[in-house]
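Step one of this worksheet: look at the structure below.
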Amino acid sequence: MIKVQQENFDVAAELATLTAGNHAIGGVVSFVGLVRDMVRVDDRDAALRAMSLEHYPGMTEKKLAEIEAKATERWPLEASLIIHRYGRLEPGEQIVLVACASAHRQAAFDACNYLMDWLKTEAPFWKLEETEAGEAWVESRASDDVAAARWQIKPDRAAE
Amino acid sequence: MIKVQQENFDVAAELATLTAGNHAIGGVVSFVGLVRDMVRVDDRDAALRAMSLEHYPGMTEKKLAEIEAKATERWPLEASLIIHRYGRLEPGEQIVLVACASAHRQAAFDACNYLMDWLKTEAPFWKLEETEAGEAWVESRASDDVAAARWQIKPDRAAE
Amino acid sequence: MKVLYFAWLRQRIGVAEEEFELPGDIATVDDLIGWLTAKGPGYAKGFAEPQVIRAAVNFEYVPFDHQLSNADEVAFFPPVTGG
Amino acid sequence: MKVLYFAWLRQRIGVAEEEFELPGDIATVDDLIGWLTAKGPGYAKGFAEPQVIRAAVNFEYVPFDHQLSNADEVAFFPPVTGG
């Protein structure tokens, strides 16, 4: 399930809904992304006042749904969820929740990690950081591309 | 933090306590283990009525604290938590919560995965499953030993 | 054709979206960038380094040699930074 | 010495824990297993396949050649299955 929203989310309520009534689930791995209070501006640490997340309505939902479908195809997931917020957020606020439920713990870990890596490189969101030095758009990081690319090497599958 | 307890836990409350006031945290990865309703008995699927978890008080806490300390030494964690229940649990009930908070998402993912793998092979817990076929102790799985062993190959560290 | 701009590209150009008839001699995304660049100094500044711009047509990432049609929704933006 | 048994080992032996003076000729965990095995049919059944039993002394996993002292807390159990 995909949700793109301005309002905050309740992790426990979301996880409870995700797993409700499905007792084939043995493990749920979740990632919650939070706004940090210190950021790098011109190679120096700066205190963050707020972060504004802009996105491309329509394309965001489409890309997130595609990434989720790919994870579901690759790992035996019982349920999955991506919630991503947009708008103005302050330090400590929740930005994103990704959760994967499976009968097998490693599948849940890998699928959740995969979703986060691809979300970072595919989902059309942009972060604007406000510090005492002014406003600056966050630059994309080569390390995020590397993190996503490692999933293109698929593990051997005995059944194929 | 380590908690070994009979009573259930509230994931949201535990995660909120874990991250409270620490705005250096950029991501929290958590694993929740649940009691599944179907188990393998003599190579056939059987409906689980309940699972009883026995443990070794004193040694459990010591081993969990050691595993947590090793993870904290290996990854830059801001906070971590292991809660493991014992006693009689029914399908769908929560067994274990492992959560790792870090400035960096991959550190949080890897540390949480590491904690679960080592918990499975080091923490003195034993599961007794009740099905219509009677009671049976869960056998340890070679795949869990393999999962834990992979962490002994440490990644290169430029600083060392 | 509908064209959208995001993040600093939107700020430099000064509009979030605009609609116009696709000129007959504009075949590809690359052609469109060239045509937009000539529209004014904000566009010229926004597209000054086209190698850092990503293009999407109808919600899909496309290379700059992608063929356009007048019914397309085209978006231009910097590399994404969500999550 | 305090000795504890868990899971099916506890069930086969019929007690969860017991205390006794360590006999003078018992030096190692292996010696102790041999001595316990002779205590009765439950012990014999429990320790019938010692290679599947894990031993801990004072909350630490130990190999069977580990040296014991009378003040130790020793535990025997099958491979763990938590998580």
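Per-chain numbering from 1; labels A, B, C and D assigned in written order.
Just so it is clear, a contact is a pair of C-beta atoms (placed from the backbone, for glycine too) under 8 Å apart; a residue touches a chain by one contact, two chains touch by 3 or more.
Bear in mind the structure is a predicted one, so any value in this text is a computation, not a measurement.
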| item | value |
| --- | --- |
| Smallest number of contact steps required from subunit A to reach subunit D | 2 |
| Distance-maximising chain from subunit B - centres being C-alpha averages | C |
| Between subunit D and subunit C, distance of the C-alpha-averaged centres to the nearest whole Å | 73 |
| Inter-centroid spacing, subunit D versus subunit B (mean Cα positions, whole Å) | 26 |
| Subunit B and subunit C: spacing of chain centres that average the CA atoms, whole Å | 48 |
| Sites on subunit C at which at least two other chains make contact | 83 |
| Where subunit B touches two or more other chains, by residue | 33, 105, 116 |
| Set of all touching chain pairs, with the criterion as stated earlier | A-B, A-C, B-D |
| Subunit C-touching residues of subunit A, taken from the complex the two chains share | 33, 53-56, 58-59, 62-63, 84, 95-96, 116, 119-128, 137-140, 144 |
| Of subunit D, residues touching subunit B in the complex | 4, 6-8, 10, 56, 59, 61, 75, 77-83 |
| Footprint of subunit B on subunit A - complex, ascending | 10-13, 15, 19, 21, 23-38, 91-92, 103, 105-106, 108-109, 112-113, 116, 147 |
